[in-house]
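You will see chain A twice below: alongside chain B first, and alongside chain C after that.
Entry: the complex of A and B
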């Protein structure tokens, strides 16, 4: 599968818009991705290991329900195929 | 008295109905408590008095958005936005609706924590205008790298840093404070102005000088764990709050636009050049026409966005329609006030007329509730993402 980044997270993946990862679950793919880009973890996850709500996630162009990807066990149960794309859109605004 | 506001407004009132309600129920209050000395407050950077907000609470403006079980009026965000628009038209100090929007909204965030102790201690007194809270988010670092830090110390927390600008901070006793923890996550605390190590001081600004804008310095402020409102993902909480609120900053702008337009026409009627009032000259009529177009379009955009804010179409994290409305209305309002200054000669440039004061106040929209330049970027990224996402969709075989 591949991750596609848009917005504020790009700088944490060295501005690589698309990153291909060869694993079978969303959690394994994310772990692999964060090994490649160690700075990403703190921007992506909160201190409970959940994906921060502010990142909007899409599987093959369709929004993914938060419950399906926020915590690690849900992500482990989330299978991904070779030709899947997970798009992460992040807008962080000031007050 | 607050029940009369609910009764007078009814369910889903039209903008014109809201105008009549504000005129009937609030005009005396503005003329007695808000309008006197508005120019002097601006000149001397003096914040509106707390009495004004106590009275606003009695009318039902401060508890309008809160649920009935904590003493609120269960009012809708759309109606509140329409109220802010009309309040700004009728009262001569834009700081009033600006602070009001803050004081009426923050208790909802505290409520979201679902803690009965905090409802009792903060939300209920806030709904009655006995306590006020503001939003201490901005600091010298950007949100992912806030310089205001928190560390655990046994069962307590130690906060240090500086929050740079808070609306209504001079009147607030509580600051919803965003801090970065050891894991770079954001924790939100209720900081009180009297907590040891807290220093709140005024910040002189271009406009909105009676809005009690402050900075807050925290020096090893020790807080018990009950003051921790959200222990993780405060960043997302802030984005949900800001998205929802982004419209509230520009509701008063639209009311102010109408005030400026009318006041400008009245003034131009009195200025005789080449033997006739300026309003009879076509070049001036055309400029007034441009101002009217800015006002009418801004108002239409606002009302559309207020309707959307209540629909289930809204994206709760970053809604492009709401953000575009904030952006558009701000630009229209500034251009309209700028035109009023240009049309009114030395009087417009001086304190003889209120237009320079309004122009300075409206400039708040350039930076406040997300800077315009940043909104442009987010809206661009969002529009590009929509197209990219469509390209990622699977087509049925």
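Entry: the complex of A and C
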């Protein structure tokens, strides 16, 4: 699968708009992604390891319900396919 | 009125015809920040102490009297501030004066947001804590609800359409603020180049009022931000009605989902008003 980034998160993935990851669940993909880009973890996750409420995820262009990706166990149960695309969006930033 | 101070004029603030809208909005933002520091606390302290910030939801500029670079050496800015809707919105009204005359009035509405604490400065809508509420300055009552899209629909419904134009751009860091999202004060710049392209490419002389005359009024509303590197498209329609020429702009983000679908999301709408027969 691939992650697609835009906006406020781009600088935490060294401005790579698309990052391909070869894993089977959303959680494993995210962990692999954060190994590659360690600065992303604090930007994306809160102190409990949950995706911050201010970020939204889309699977192949469709919004994913927050409950499906917010905590690690839910993400581990979320299977992804090779040709899936997960877009992570920051709704607002308080600059 | 809460804050009053003097601003010396420089040539980059002006076109040959008037104070640039971006300059008017920048002055308004500076004045609003000054007033906030007097009534609540400095914006940077609000960030550090309460993890609160503000994002813009609307702006308006009224060009009241002729005012060019040669009109004065400096202006006086009188700034007023009020809280709306249970402390969720902040309204800043700023009168730019030459002597005792208000020549331009620039206002904006901000929404308070609470930052998550992450380094991306990501945030969600919030309210100013009640212990920080303040007495509002006197200002004309203007409803805080979004209404510009409805106004645009009315103009479209009951007017003659003169032309249309569209262009795309990718947001540059030079056009962004602290969180790598667009500087709201730049919106007039993003949309006015589409108006000008339409005028330069069209043979309709009525459209050229959009370059020959000063802008009489500017209104805009924001719905979501653009971020650094986002691709956006600006669509502009020109309409004429009752002695006024309107340029109706929308700015949409192109979402990077599926090349086949061309999905977009509305980020902002803006309306520029021009008088056909008389300059401001």
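By definition in this document, the second predicted complex is superposed on the first by the 92 of 95 C-alpha atoms of A that agree within 3 Å, B and C clash if a C-alpha of one lies under 4 Å from a C-alpha of the other, contacts with A are read in each partner's own complex, and residues count from 1 in each chain.
Note that in this section contacts are C-beta pairs under 8 Å (C-beta built on N, C-alpha and C of every residue); 3 or more make two chains touch, one makes a residue touch a chain.
What you see is a predicted model, and the numbers here were worked out from it, not measured in a lab.
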{"item": "Chain C versus chain B on the shared chain A, clash or fit after superposition", "value": "clash"}
{"item": "Which superposed partner A:58 touches (first chain B, second chain C, both, neither)", "value": "both"}
{"item": "First, second, both or neither for A:42, with chain B first and chain C second", "value": "both"}
{"item": "Touching partner for A:87 - first (chain B), second (chain C), both, neither", "value": "both"}
{"item": "Touching partner for A:8 - first (chain B), second (chain C), both, neither", "value": "both"}
{"item": "Partner chain(s) touched by A:75 [first = chain B, second = chain C, both, neither]", "value": "neither"}
{"item": "Chain B versus chain C as contact partner of A:50, first or second or both or neither", "value": "first"}
{"item": "Among 167-175, 203-211, 221-229 or 239-247 on chain C, the segment whose C-alpha atoms clash with chain B after superposition", "value": "221-229"}
{"item": "Touching both chain B and chain C, residues of chain A", "value": "4, 6-8, 42-43, 46, 52-54, 58, 60-61, 85, 87, 91-95"}
{"item": "Complex contact set, residues of chain A against chain B", "value": "4, 6-8, 42-43, 46-48, 50, 52-54, 56, 58, 60-62, 85, 87, 89, 91-95"}
{"item": "Footprint of chain A on chain C - complex, ascending", "value": "47, 52-55, 113-125, 177-181, 224-225, 227-230, 255-258, 261, 263"}
{"item": "Touching residues (chain side chain B, partner chain A) in the complex", "value": "135, 137-138, 142-144, 181, 183-185, 231-233, 235-236, 238-240, 242-243, 317-318, 368-371, 374-375, 378, 381-382, 384-385, 388-394"}
{"item": "Touching residues (chain side chain A, partner chain C) in the complex", "value": "4, 6-12, 15, 17, 39, 42-44, 46, 52-55, 58, 60-61, 85, 87, 90-95"}
